[in-house]
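For reference, the structures are reproduced in the following blocks.
In what follows, subunit A forms one complex with subunit B and a second complex with subunit C.
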Partner chain A sequence: MHFDAFDRYHEKDSRLHRLDPRVKAVITIACILSNALLPDGAWIAFLFAFIFLLALNVVSRLGIAYTLKRSLIALPFALIAFSVLFSTPGNPLSMFHFLMWDFTITDAGLLRFVSILIRSWLSVQMAILLVAVTRFPDLVHALAHLRVPPILTTIIAFLYRYLFVLTDEVFRLLRARESRSAASAAQRSGGGVLWRAKVAGDMAGQLFLRSYERSDRIYNAMLSRGYAGHMYTLNPHEMKPGDYFAAAFAVAFIFIIQILGRF
Partner chain B sequence: MLYSPAPLHIPENFLSLAVSAACWVVTILTLSLAISKTNKSLGERQIPLMGIMAAFIFAAQMINFPVAGGTSGHLLGGVLAAVILGPWAGMLVMTAVIALQALLFQDGGLSVMGANILNMGLVTAAIGYGLYRLVSNRSRKVKLAAIGFAAWLSVLAGALFTSLQIWLSGNADLKIIVPVMLFIHALIGVGDALITVAAISFIMRTRPDLLGEESESAKGGQGWVWVGVAVTLLVVLLSPFASADPDGLERVATDLGFIGQAQLSPFQIIPDYTVPFLGQTALSTVIAGVIGAIVVGLVAYLIGRGVKAKSQAAGSK
Partner chain C sequence: MPITHAENKFIAPRSECEGDVLQVRDLYFSYPDGHAALNGVSLNLCGGDKVALVGPNGAGKSTLMLHLNGILNGRGEIEIGGRRLTRDNLPVIRAMVGLVFQNPDDQLFSPTVFEDVAFGPLHMGLPEEEVRARVDAALEAVRMSSYRDRLSHHLSVGEKKRIAIATVLSMKPSLLVLDEPSAGLDPRARRTLINLLRELPITMLVSTHDMKLVQELFPRTIVMDEGKVVADGLTMEILDDEALLTAHGLEKP
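And now, the complex of A and B:
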């Protein structure tokens, strides 16, 4: 498999790409929290948050609709909130009958449902943008600066580094199973569901052993290159005046959105 | 598709700030404990091991087996991680997996990550390791049965807690979400249980030393049995109650003050997100938000400092 199959970073030369990763992480989280704080039906505030997002898209040179396109994959999850359409007390808008139940959609329920979706959708796009303009190792480094415990950031860094390697291993296992599971029109391949589950479990066990042994080799290789419990980076993050300016600008904008959301 | 997301991840902003803050507090407290315990017991050798194990869980979630009609069984891995690596390390590994899924793939939100870690990493480890430890002196068959039940129940527990959190946030109807989520995950849980049992049985046969008395897996204390049994009982008792009598649960929640009358986001630290003496103004809400953020940040910072001091003290011994 290609090494960047999981990577979400898009190399471009933009102001947003060059911004300090700490600033980007903090702005993203602040925007998500700000969206969460907006009351239901704060349409003007939602609109401004959306405009802010589009502006960031443009600044990042990824194209104005970049995050929009990416965010559509996340939409099916919206079904979880579907039930608020009926459960929120309010004026009935429409009624329908399904199996043995009557459902009534209320105006308050509709308002709440749409607001939940918009808040979630705006926030998902901020998160998509963050990983599109920040290299993942830089992001992990930023998290370490933001006081996430080093043991966690190190595990995440390793996870990211070996994701590709172990996924390749899984594909080899799946291919091996596939190539030994010949079937014809007359005869089904393999045994019953339990047998198939057992094969899958053996594959997981096999993957565990291969990963375990690989971790030994990796540790020895790291020791031989001078690992002493710390990771070093070649680009130390330093806040420049532009970074402070961008952070201040974003905070001011979020403040305005919050005030707009209350009127 | 390369990667199939487990359907338990709560999407971005699907919880009210109060509920997600409460989950963050529980998660941060538990993880701080996990970090201090792990820092004490593990050498630097174990850090790459835990990183690779996190990648292993992530990759193992792609292993599936066809069931019927185009559906397939999957591994979710919470119980597997807790049994192989021990409870504390298992929690940290699952946390890293969930964090990466949220950060890189937007699978599960950043603001609700505390809840996602709680549901899929901490509860699963407690149930899985607790029940495994309960039968640690029994035969291999009993152990495998306990692991299978724990894996199934942990998926159900995740579904139950997820539904309750979304409902407490006022973002779903209890009468619909609990039965639907429990039904779907009772089936998904069977897939996870089968693969987990087969995988552990494979490891017991090929590398018994990794699960033996000297292994990391055997180092969890007896306290885990109590925690595991308590969480198990909670889930076993709460699930039927929540799906059979949602009105009863709603009434209990109202009586306990979790649900306000006109308010849809219950369990508020700061009522209506306003500061009392400033009244119902926009400024008041903004200030309330800032105060809330500072309080949560301060708690997290103090915990972080406590852990750091502890681990330094442990290091200097």
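And now, the complex of A and C:
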């Protein structure tokens, strides 16, 4: 069985797809940094960052709303910023009582909260676009070429490779449980909550043991082919003039956004 | 450091020889839990030998295979191509013994097929052109050239199996060791694999439960049970000895 639910790469022939993965990774990180550095309430800069994002969507040929549609998954994480609503000093807008505490929402707090939401929303979309237009192995190579420590890139590469194998394993376990979750007529089935929790716990343990043993076998397979603690890769990427041009253009645009945000 | 191997010549099976490719002498091994997996295994392999290793589950076949390139270290002597297996020459031995694991998902650990096949040559320290040439040749040998840039997790079991063989062929081993290569393959994938194994001009030791495969492909068979070699000879004769087969839980194909 193939389980490709995690593969976010979308095969298309576009300028963004063909761009050197290093450039894409750097532009994405630069955009995310730029978003994070914009001051609260820099609406025009936010607007320009958004336009930049939409333009990239169009260039990628994935459709103008491609990242918009997929950006909601990250919203729950942005809610961690909820507390700034009350903790930022400013003019009170409204008050409410919860359990034993009084909460006051301030105007500065609201401004900061909305700004954080927009920043994270824009940044998540950049990341979504990056993985949609870059094959994952290329991305790992790009990180390696950008001097990310080999131990990190190796872990990421293994994670990607075995995520699929592990998901298959989970689904096999679940299916095995389903097939034996029988009921006899006129009898309450399913067992108690505690018992079911124990079964689920045992399955998690099983999964851990299987993964642990698999890691042993993989390590043996690596040893068999000469692994001695270092990963080696060939350099398949070459910067073309277009890559430098795209990088320069993006950096210039981010610079403009930063200036707009500050004046 | 590039390693050059002598050209493999095909020789008709000889029942007795010096064991110029592989010599195993009195190999003993116990797992940490005390279970004795190998109780004095001795065997010889000569250039061009294609040998089947059969026996019930738990006979010690896989344990023996893990010894051949020094993943496990038991008591006894192992010589590969005239070189004693010691801690110092492990890297050289590992390039000489191509070990293909039973589950290709354990063997293919890189994101792309190319990287997996290039893993061995890269670790041998070969120059880039040589690595690329070897990857192309290995993929060509298993008829998977068009899969070069594919992602490993998108392949079928049969395809993964052939790529797994390519990952060790790229090291140009003088001995190919396969653990149950036909397990879990559909008839067509199995047939493709059999044809591939027949064509590969390399000495090989293949552990399997597939007695039809043994009959079809391997002139010589070694039977293992309870950590010992209990029979070693011409496949024809061993498959005719029904008393021997029954005694060790095997079946005539």
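Keep this in mind: the second predicted complex is superposed on the first by the 206 of 263 C-alpha atoms of A that agree within 3 Å, B and C clash if a C-alpha of one lies under 4 Å from a C-alpha of the other, contacts with A are read in each partner's own complex, and residues count from 1 in each chain.
Keep in mind that, in the parts below, a contact is a pair of C-beta atoms (placed from the backbone, for glycine too) under 8 Å apart; a residue touches a chain by one contact, two chains touch by 3 or more.
Quick caveat: nothing in here was measured; it's all calculated off a predicted structure.
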item	value
First (subunit B), second (subunit C), both or neither touched by A:I105	neither
Which of subunit B and subunit C A:P149 touches, first, second, both or neither	first
Partner, of subunit C and subunit B, that touches more residues belonging to subunit A	B
Which of subunit B and subunit C A:P137 touches, first, second, both or neither	second
Subunit B versus subunit C as contact partner of A:S123, first or second or both or neither	first
Subunit B versus subunit C as contact partner of A:G226, first or second or both or neither	second
Touched partner set for A:Q258, first subunit B, second subunit C, both or neither	first
Touching partner for A:L54 - first (subunit B), second (subunit C), both, neither	neither
Touched partner set for A:A81, first subunit B, second subunit C, both or neither	first
Touching partner for A:F158 - first (subunit B), second (subunit C), both, neither	both
Residues on subunit A lying within both footprints (that of subunit B and that of subunit C)	136, 157-158, 160-162, 165, 214, 218, 222, 227-228
Complex interface listing, subunit C residues touching subunit A	66, 69, 71, 91, 94-95, 97-99, 101, 103, 105-112, 115, 118-120, 122-124, 128, 131-132, 151-154, 167-168, 171
Subunit A partner contacts - residues on subunit B that touch it in the complex	2-3, 9-14, 16-17, 20, 31-32, 35, 38-39, 44-45, 47-56, 58-60, 62-68, 73, 75, 80, 84, 92-93, 95-97, 99-100, 102-106, 109-111, 166, 170-177, 191, 194-203, 206-207, 210, 264, 273, 281-282, 285-286, 289, 293, 300-301, 304, 307
List of subunit A residues in touch with subunit C within their complex	2, 4, 135-137, 140, 157-158, 160-162, 164-165, 214, 217-218, 220-228, 232-234
Subunit A to subunit B touching residues, read off their complex	5-6, 8, 28-29, 32-33, 35-37, 71, 74, 77-78, 80-84, 86-88, 112, 116, 119-120, 123-124, 127-128, 131, 136, 139, 147, 149, 151-152, 154-163, 165-167, 169-170, 173-174, 193-194, 196-209, 211-212, 214-215, 218-219, 222, 227-229, 255, 258-259, 261-263
